[in-house]
Amino acid sequence: MAKKKPVLNVALVGYSFMGRAHSNAWNQAEKYFDLPYTINRQVIIGRNQAACQDAADNWGWANTASSLEQALEKYDIDVVDITVPNVAHAEITMQALKAGKHVFCEKPLGMNSAECKKVTTAAEKAGVHVGVWHNYRRAPAAGLAYELIAEGRIGEVRQIRAVYLQDWLSDSSAPASGWRLNKAICGSGSHGDLGAHLIDTCRYLTGLEFDEVSGMTKTFTEVRPNESGKGKVKIDVDDATCFLARMSNGAIATFEATRTAPGHKNYNVIEINGTKGSIIWNFERMNELQFFTFDDIPHAQGFRTIMCMDGGNHPYAGQYWPDGHIIGYEHTFINTLADFLVDMKKRKALSPSFHDGWANQEVLDAVLKSADSRKWVSVKRVMAPRKLKASKRKAKAASTIA
Amino acid sequence: MAKKKPVLNVALVGYSFMGRAHSNAWNQAEKYFDLPYTINRQVIIGRNQAACQDAADNWGWANTASSLEQALEKYDIDVVDITVPNVAHAEITMQALKAGKHVFCEKPLGMNSAECKKVTTAAEKAGVHVGVWHNYRRAPAAGLAYELIAEGRIGEVRQIRAVYLQDWLSDSSAPASGWRLNKAICGSGSHGDLGAHLIDTCRYLTGLEFDEVSGMTKTFTEVRPNESGKGKVKIDVDDATCFLARMSNGAIATFEATRTAPGHKNYNVIEINGTKGSIIWNFERMNELQFFTFDDIPHAQGFRTIMCMDGGNHPYAGQYWPDGHIIGYEHTFINTLADFLVDMKKRKALSPSFHDGWANQEVLDAVLKSADSRKWVSVKRVMAPRKLKASKRKAKAASTIA
Amino acid sequence: MAKKKPVLNVALVGYSFMGRAHSNAWNQAEKYFDLPYTINRQVIIGRNQAACQDAADNWGWANTASSLEQALEKYDIDVVDITVPNVAHAEITMQALKAGKHVFCEKPLGMNSAECKKVTTAAEKAGVHVGVWHNYRRAPAAGLAYELIAEGRIGEVRQIRAVYLQDWLSDSSAPASGWRLNKAICGSGSHGDLGAHLIDTCRYLTGLEFDEVSGMTKTFTEVRPNESGKGKVKIDVDDATCFLARMSNGAIATFEATRTAPGHKNYNVIEINGTKGSIIWNFERMNELQFFTFDDIPHAQGFRTIMCMDGGNHPYAGQYWPDGHIIGYEHTFINTLADFLVDMKKRKALSPSFHDGWANQEVLDAVLKSADSRKWVSVKRVMAPRKLKASKRKAKAASTIA
Amino acid sequence: MAKKKPVLNVALVGYSFMGRAHSNAWNQAEKYFDLPYTINRQVIIGRNQAACQDAADNWGWANTASSLEQALEKYDIDVVDITVPNVAHAEITMQALKAGKHVFCEKPLGMNSAECKKVTTAAEKAGVHVGVWHNYRRAPAAGLAYELIAEGRIGEVRQIRAVYLQDWLSDSSAPASGWRLNKAICGSGSHGDLGAHLIDTCRYLTGLEFDEVSGMTKTFTEVRPNESGKGKVKIDVDDATCFLARMSNGAIATFEATRTAPGHKNYNVIEINGTKGSIIWNFERMNELQFFTFDDIPHAQGFRTIMCMDGGNHPYAGQYWPDGHIIGYEHTFINTLADFLVDMKKRKALSPSFHDGWANQEVLDAVLKSADSRKWVSVKRVMAPRKLKASKRKAKAASTIA
């Protein structure tokens, strides 16, 4: 660690839930990974100055600013990290790109595919390093799922079923607080919030693109108390969205996102069936992967539960603790950030790229269009289907119990 | 058991997989239930005389016959039980009804809704006791799920997700043996074979009817070896079928049936989310029910796994073994048969009735029509949605460990 | 099935819980297995004549008798099956042996090792076919566990942990009904009732014998209402018994049997760790086996859940239903009986033999002696440790879905 | 956060596995908890100067030192945190106490009960704030288990079974690297390493003390390659240790710690059965708690799986992420540290105190003495059994999804 590294000046836009998760990642990444940069948490940006200062104090941001514009004027900034509510993603991204900054944007990349296309095109022109924070890709178990599929262990993908179930809106008297129930700010409800993750995980793990979709949306509670509890709000986003899909290789898939499934807190589960085997991943048990293969001896075939915290064998696990000492939600952000920075140094595009964010949004938009038109809708092709590449990298040995 | 009971003369048509399951039920039901009839296994009917005689010898059928017609001529028969391949269900049912016999038909009731309507109408006219063998309803855990929902413990139903996953057709070199891959005999593939069970369980547990569906079908292996392995067969049924549904109360649902999901042998799983709670039932662990309710104390809420073999508390459990000594697949048939006979004596219609069988088929047909037309298709309403009735019956005490 | 088979005349002593389970097996075995005998359910024997007649009527026993003596006088009998309370096992076995009959005795073989030794010696002299009904050995998953271990897939056995947890005595106001709480009749409480199963499964799956044990017993509720609820009974058997063991190869083991573990109905679980892998079997999910091996590819190792109902690959599964259609508790008796009869015909000793029953009792007795003396106690060696034999038998193909 | 807080100068002794976990906690605690001190990571201490400097750079320790003595001379220090190998715990603790410093010591408190007594007595005299890092107590699910038991929801404790299974020593060719296989440095093998955690969790969750124990130890691999792979080492610690225990209220318990159970990475599981219910906690799924109660409606009783990440209801959960977004191993250290500091400010003794560390060691020592003498051994009573106190604290609301 003696070698001199270039300093990377970071601006973080936003300080709420995602702002916390990203701030933590900017703090922790250097401690667990040998990164190519020295991170300088230069400035945190937000409109509420007091909250912003609190976040700066808590997470070690050197400065605060009330807008990206102001921050760009006053401080050296290399990369802009965006965690504000969805509606502002594209605008802030454009601002950052115009200033020639690298951009790491929370999902979604924009409110709709038009916005996504715009920022993607602008980013290509700008020639900077960009990415979308689809952090779930970087759980060790998701990484292992990718590798097993890339190695051909489940054969060719035939079927995908993915559900993301939460229950915090089951109660019809729960208020419409925050911005996640306001279409003008969030774009859609469970669909964009949760379904977007399913789509990304599916695209990541299979390399497939979506050909066409048939969807339906549902809002069970159409009027909710407002934040103060004194008034009412008409809800204009979906509580639940389900859709069927046909994939680029002929595979078929079902998707469901909902915030009204009692008992499920963060049940983000994907199953992929191939010609030779299957994988199942459940984010609530994010350190475990279920894997089945017909290659096992015939009398001992079954889904095996892999505890993906073996540093010698599983992605990212070696950066943390000995076998079986699990990591949590926040570590997916740390891993994602580490990859973003390593790729930046190598001038290699991060996956998920802006194109990935845009492709994701094309699926989201097509589903809503289908729900509206009650027809199958073709998904505009942004990227070509990819062949997954089996890893050559040897996983780093886990910190031994010493 | 001293009271004199009327003798019930039974004719069973068919002797293969379902014939075995029904024969076992006709043998066992009297041993575990105090039935209103003395069962006389009068005759088993099949075209292959040797196989038929073997089955008769094995299962205690007094006689054999090569056709129902022949059997009706030669023997006293009260009830006709039909287990032949799907294509013959309606025809044999009509024959039996014409002869004034009670009819207990394996699912499906017919090859399509037209056939189902025909036999349902004929049965109404005949005034006999009829039913469809949707045996999964009679697993203790399914019965308990019904009761919990009927008691209002999950509130109003909002979402249903049901999958039936098998893997025996994953291997593209598996031959097209039997009749389950021949559309002319079976009607459809995974859809009618497995999906029909999902539809019935959904209708049973929720009391809801289907309003409209949007579906897709897929045949991954389009040509298979024939039974002898020397020729090829073009496959005309689906390997997998998925569909979205809107239910009579506004609930939304997703369904998937497949025989190409590696690792799943008989993964018949339904989850129902209501306003207040949820239930999940997995047939591979058929004696267990998962149940969640917001009524639990807030800091101790979670899905609970109920072992449904407590005779004092769970349906059918008291007929068999002490707590936690599980029963199996075949017992669902025994339970179903017992209810059929008890209801017959009370002149009360069995649920599932022929109307249920017909309603089920209307859903199946609508899904195929939707898959074909690529449109949402309305489901013809055969029955009105039902309000579930909470049980008043006190479960019989389990056989104690004595 | 056309070949003429010798008739086997059976006498069943007892008609309660175990009497029902055995009666069912005597009825069903011929239907699912191609047995070398035609079974004649000759006589069922019990002191309560009405109950005995009911059982005869229900299960198809041709005659009843009030004692084995009486039955032996009046009827042709080849084999005597004993299901009465423990205290009478040895006496009735001796009676049957003296009459030259084959004997199939429920566990335990006797009330103590002296009784077991006596009947074992007598059986050897008599030269008849005998066995103990340790039915759990014959669950498909237990059979598969045996085979995997015999094939060397977990290497040499090092550690065993076995627990059998029930909860029906958690409630201190539960009456002391039946004979399972009366030491003079049952011998011991949870220890002999449940622990005996653990010991047998352990000996069966590992081939190891017990060298020495250190145990403790506990009775939480020392006085209970009697059966009528009007009086009190001093409880003289254990609610729970735990012990440590050292095995013949140096392996170590822990055992626990209890009837006071809330939430567990029939949680009979054994885990065996070897040098190369592990197996876990839970009787509440008796059709599943958990298996781990270091032979799996390093990045995809994990416990796999094997659904042991594949007729082509798993013991007994081919006799019943297609893949994944589970069987239940009662089938373990059917399988056990089938093996008893096939072995009888081959003049091959059944495993578990009377020697196994005796060896089991030596362990039980040693544990009680240890609990009493508060010392490690050596277990008297009845049998030599066995090397497990990998199966050559090809499992019969499951009944296909036809 | 505007109020001025006193600065707390911290010295950390050790930088390996535990040093990393503690360093992380000293970094993160302030970010997630509103602590009464401003933490100054003053100095990290270790003999290898280069490694020590790397750790300082990585984790933000202001200085390094090669011994506590040296550090005490050069720097202001308020609290000494000890993470070196076991053998040095007591000595360094004594040094710190003599200097009047607060001490937070990794488990074990000493190599044996004599050492533990010595430091406990010294700490009492010193009147400083002390504690032992039994971090597993501070998992949200462990805290919830405590609360449910304190609230009386499982009634009086009757049975405990606790196992801690790992498999990294299954391979007999694995080298004896590190200090965990060297008795002179670690004291014992799996017993002190893993069993100590079981004992602490048991004491914490039940409030019971140990009366007597009967144990056995086993070393399967008696000679291993040394670290370089060129020589051999005679192993003088246990691979596995099991013991029976009788608790202060008459409850009975079984314990097992092993590093030779293939397939288990960090399977630290405790089950507690009371008169009315049970809890089960598995550290590999550390955010979940299993809970059963007879208070549930009779037909819907079962073990429920509680996802303990609801900030409004579960301990510590509100400090981190929204419902169902899990935390990991390292967070147990952060929570423990936060409590240590809050209690320090309140001049309230931390639980686990030095007395707890000593009591734990008395159990460990008694088990080894029992294994050696082959007798039941009384456990010296250090603390009186405690009555658990139900929480009055309202859990802080989780960070909402905003």
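Going in written order, the chains are labelled A, B, C and D, and every chain counts its residues from 1.
Convention: a contact is a pair of C-beta atoms (placed from the backbone, for glycine too) under 8 Å apart; a residue touches a chain by one contact, two chains touch by 3 or more.
Because the structure is a prediction, the values reported are computed rather than measured.
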**Report entry** Between A-B and A-C, the pair joined by more C-beta contacts
**Finding:** A-B
Report task. With centres defined as the mean of C-alpha atoms, identify the chain lying farthest from subunit C. Result -> A
Query raised in the report: From the C-alpha centre of subunit A to that of subunit D, how far is it in Å?
Result: 34
Query raised in the report: Distance-wise, how many Å sit between the C-alpha centres of subunit A and subunit C, to the nearest whole number?
Result: 53
Report task. Please work out the Cα centroid separation of subunit A and subunit B, and write it as a whole number of Å. Result -> 42
Query raised in the report: Which residues belonging to subunit B are in contact with no fewer than two other chains?
Result: 264, 292, 301-303, 307, 310
Requested in this report: Sort out for me which residues of subunit A touch subunit D in the complex.
Outcome: 1, 16-17, 20-21, 24, 27, 30-31, 54, 57-59, 166, 168, 177-180, 264-267, 284-287, 307, 309-310, 320-331, 399-402
Requested in this report: In the complex, go through subunit B and note every residue touching subunit A.
Outcome: 154, 158-159, 161, 163, 170-172, 214-216, 218, 220, 240, 242-244, 246, 250, 252, 254, 256, 258, 260-264, 271, 273-278, 292-294, 301-303, 374-376
Report task. Would you mind writing out the residues of subunit C in touch with subunit A in their complex? Result -> 144, 147-148, 153, 288-289, 291-292, 296, 298-307, 310, 312-314, 395
